[in-house]
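First the structure, which I've put down as C-alpha cells, then a few questions once you've had a look.
Think of it as A, B and C in the order they're written, each chain with its own count starting at 1.
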Amino acid sequence: MKTLKLLFTSKKFVFGLCLFLTLLFLGLLFPVFNHKDPLDLAGFMYQPPSKEFWLGTDNFGRDVLVELIHGLKTSMFIGLLAGTVATLIGVGIGLTAGYIGGWVDNLLNTITNIFLVVPPFVILILISVSLQNRSLGIMGLIIGITSWPWTARAVRAQATSLRVREHIDLAKISGMGTFEIMLREVLPYIMSYIFMAFVLQVASGILNEAGISMLGLGPSNIVSLGTMLSWALLFEAVRTGAWWAFIPPALTIAFITFSLLFMSTGMDEIFNPRLRS
Amino acid sequence: MNPYFKYLSRKLFWYILTFFIAIFLNFFLPRLIPGNPVSAIISQMATGGVNSESLERLYESFMKEFGLDKPLPVQFINYIKNILKGDLGTSFSLFPKKVTSILGEALPWTIALQLPAILTGWIIGNLFGAIAAYKRGTFDKVLFPVALFVNSIPYYCLAIILLYIFGVYLEWFPIGGGYSRNLIPAFSWTFIKDVLHHYFLPYISIVLVAIGGQGIGMREMSIYELNTDYVLYSRLLGISDRKILKYVFRNAMLPQITGLALSLGTMVGGALVTEIVFSYPGVGSWLFNGIRQLDYPLIQGSTLIITLTVLVANFIIDIVYGIIDPRVKAAQLEER
Amino acid sequence: MSGKKLLEVKDLYTYYQTRLGEKIKAVNGVSFELKEGEILGIAGESGCGKSTLGISISGLFPPPLKYGKGSVKLGDVELTNINHSKLRKEILGKKISFIPQSAMNALNPTLKVKRFIVDLVKEHEPNLSEDEIIKRAAERFESLSLPKRVLDAYALELSGGMKQRTIVVISTMMNPEVVIADEPTSALDVSSQKIVIKLIRQLFEEKIIKSVIFITHDLPILRHIATKIAVMYAGEFVEVGTMEQVIFDPVHPYSNALMNSIIVPEKGIKGKKLPSIPGAPPDPRLEIQGCRFADRCPLADDECRKAPIEMREAKGRLVRCIKV
C-alpha cells in the first residue's frame, strides 16, 4: 500500500488525522470513566467555571463539560453516519452516471445539479420540521440524503475520464458485466478520491447537524454541540456573559471540522500531482 | 442562432424546471409525515386550557382557512396558483398577517446583509488565496492553517464568538436587532448610522468565514494553474512573472465563479442562522420563529423565498460566467 | 559546416527531486556544441531524458528539476548561474526559444493569440506599440502561409496542426538564434507533420532562426530535417554523427535498434512504436556500473559492465561503445 505510506508523508494529513482521532477517542472514552448524565441538573444556572465544574454550568444547571463531551460524541456520530450515507449515495450515482454515460448520465446529472442548486439546507429543514421523533440515526440519515450531490459530481468526473482507459476495454472484451466492471475495474482507481470525499462529507455532516440544531430541529432529547449552542442562544447566555456555555461547543465544532479539512487538504496534495509545491 | 443565446435559453429552461421541482418539494416534504400541522398547533393550545368544544371549532376553521380540508392534489394546485399570484399564504402564528408581507419586509434586510458580505468575502478571499499561492513560503504556511480554521468555523459559531467579545464584553457593538428599539425607521443620518452599527458584526462574521473558504479554494486553483503547460511555455519565452500571474489569476478565477455558485446554497444557509444569533430582522429570524411555532405557511414561504433567491443568484452567475469565459462560447459553437 | 559556435554544453548533469527525497537522474553528463547553420536532432525513447535536456539548456529549472553540475554556454553567457531576471529579459524567447511538446496545452485557453504575441514582444521590445506588434505578427504569419484569422482566435478554435504551426511562429517571433523544438510533430498526423517540418525549414532557410535542436523519439523523421544527430539513452548521448551517418549507417547497437523498430498502427495507439528492443531502460535512481545499455544489448559482455563507457571515435563519428 504505497499510497498509504505516501499519505503519511503529508504533514497536513497526519496532523488532521491525529486531531480528529484525539477528539473521537475523547468522546468515546470519557463516558466510560465518568458516568454522569449530561442532562442531570447538577448545579445552579450559569455558574462560571470552577474546580467543581471545569466548564461551569448551562442555563439548566447542567455540567457543561459533561455536556460538551457527550455532545462531541453525538455530533461526531451524526457526522460520520451522514458522511457514510452521502458518500455511498454519491459514489453510486456518480459512478453510474460517469461510467455508463449517455441518457443515464444526462438524467442523473440533471438530478444532481438540481439537488446541488436547491439549497440542501432548505430541504433538510423541510424534512426535519415534520418529523416528530428525531433520533440520532434518522438525523444522520437525512443529512446524508441531502448532501450527496457534491460527491456524486466529483466521482462522476473521475469515472468519465476512466471510462476510456485501456483496461476497461480489456474487461469489456473478456465479457465482464457492466456492474462488475464498475466495481472491479473503475472503483479501485478512484478510491483515493472517494476517501477524500468521505472526509469532506463528514465535515459537512457535522456542520449541517450544528446548523439544523441551532434552528431547533436537532436530535430530540439528546445533547449535541449544535443543541448546546441553540440553548445558549435561546436562554440568553450571550447577553449574560456566560461564555462557557457557548464558546466551548463553538470551538469544538471548529476544531473537528478543521481537523477534517486539514486531512483532506493533505490528501489533495498527495493525490493531485499538480498541486505539489 | 447566436451561441450565447442558445446557452442562455438552455440555462433558463433548466432553472425554471428546478424552480418547479423546488416548489414541489417545498409543498410535499412537510406533508410526508402523517398528522397535520393544525392538530399540532391545536394540541399546543390545548395545554393552555381551552375547552374542547372551542378547540373543535378552531380546528375546523383553521382547516378551512388553510385549505387543509381539501384533497392533497387540489391543495397543491391551489398552492401553485397562489404562488403565481404572489400569495404565500397566511401565517399561523401571526394570524391574520400574510406571509408575503412578513417576508417582504424581511427580505431587503437579508439581501442587504448577505449580498455585500458574500461579495466582499469572495473578492478578498480570492486575493489572499492568489497571493498565498504565489508567494508560498512563510506567508503561505502561516496564513493557510489560519484561513482553514476560520473556514471550519460555521458562520453562526463565529457570530456568537464575535457577538460575545465585541458586543457583550467590549460593548463596542449592539447585541441584536436591525436597529435600536427607540428609533423609528427614517432616512435620517442617525437612523442610518444606527443601522450600520447593528449591521457590522453580522456582516463581519459572514465576510471572515467567506474569506477563509474562498481563500483556500483560490489558493488551490492558483497552484494548479501555476503548474500548467502554458505557464511553463510563457516562462520559457521570457514573459515576466507579473504577466504570468495575471494569466493565472484570470484563469483560476473562472472556476472560482462557478464555485461561488455551487456554494451559494450553503453560504446562504449559514448566513441565515447568523441572523438568528443577532436577532437580525431578516428572513432567517422569521424562519427560526416559524419553526419554533410550527407556523407552516411561514416556514414554507421562507424556504421558497430562500430557494428562489439562490436560484436567481445562480442564474446571474451563470450569465456572467458565459460572458467571461471564451471556452463556454466555443463549446456552444462545437455543438452545432 | 563551420559556422559560429552558438551553444556549448559541457558535462551537464541535472536531476529531479521527488517528494519522498529521491533523486531521479535525468541528464547524465551530456556534452555537445551547436554551430550556426546546424540542425541537431536528438533522438531516443520516452524517458531517456531528451525533453529534460531541452529544458535544462534553457537555464530555467522549474521544480522539481534541479541543476547538478556542468555548463551551458550561449555565446559568452553561462546560463546555469545567470541572474534570473537577466535570463528572462535577454535570453529566453529572444536568443534561445522553445517549441514545447504539448502545443495542445501550451497556449493560454482564455487568451487570443494576438494578445499573447503582444505580451511576448512587449517583454523584449517594450518600446513598440501594440498596433505595430500586431502588424508585425500579421506580416510574419502571412510570409509563412498561415491564415491571418489565427491571430484573432482562441487556442481551442484551432486544429491540432494549426496550433502547432502557430506555436512555431510565436516561438520564433523574436528571431532567436537557437530554437529548441521538443517533439513538435509527435501528436500530429503524417500530413501535419510534413507541414510543420516544412515550416521549421523555411524559418531556417530564411535565416529567421540560426540553429535548431529537434528532439524526437521518431528517429527516422530526422532524415527530413536534421544535419547532425545525437542518439540519447538513459540520460547520455550514445552516438553523435551527421544525419547520413546515423540514419543510414548506425553504429551503436541502440541506434541500430531505434532505426529498425517497427511502427505498429494499432487502433488508439497511433504512431506509437512497439520497440523491438526487449527490456527497459535502467532505473534512473540507481547508480549503474558500466554501460547503461548492456542489459538489452546483443553485443554486451562482462567487459562492458566493468566501468563507465566514454565516447570514442569510430567510423568517423562519436560512439559510446567498446564493441564497435
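Note that in this section a contact is a pair of C-beta atoms (placed from the backbone, for glycine too) under 8 Å apart; a residue touches a chain by one contact, two chains touch by 3 or more.
Computed from a predicted model, the values in this text were never measured in an experiment.
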Worksheet entry | Pair of chains with maximal C-beta contact number | A-B
Fill in: Taking each chain's C-alpha mean as its centre, the one farthest from subunit C
B
Worksheet item: Using CA atom averages as chain centres, what separation in Å is found between subunit B and subunit C?
Response: 53
Worksheet, complete the sentence: Chain-centre distance (mean CA atoms) for subunit A and subunit B, in whole Å, is 21
Practice prompt. For subunit B, jot down the residues that touch at least 2 other chains.
Written response: 228
Worksheet item: Which parts of subunit A, given as residue numbers and ranges, touch two or more other chains?
Response: 276-277
Practice prompt. Would you tell me which residues of subunit C are touching subunit B in their complex?
Written response: 55, 58, 60, 62, 87-89, 91-94, 97-98, 100, 102, 105-111, 119-120, 123-124, 154, 156-157, 170-171
Worksheet item: Any idea which subunit B residues touch subunit C in the complex?
Response: 228-230, 232-240, 243, 247, 250-251, 254, 325-327, 330, 333
Practice prompt. Using the touch rule from the top, collect the residues of subunit A that touch subunit B in their complex.
Written response: 110, 113-114, 116-123, 125-127, 129-132, 150, 203, 207, 210-211, 214-217, 229, 232-233, 238-239, 241, 243, 246-247, 250-251, 253-258, 260-262, 265, 268, 272, 274-277
Item to complete: Could you pull out which subunit B residues touch subunit A in their complex?
Response: 14, 17-18, 21-22, 25-26, 29-33, 35, 136, 145, 148-149, 151-154, 156-158, 160-161, 163-164, 167-169, 175, 216, 220, 223-224, 227-228, 261-262, 264-266, 268-270, 273, 276-277, 287-288, 291-292, 294, 299-300, 303, 306-307, 310-311, 314
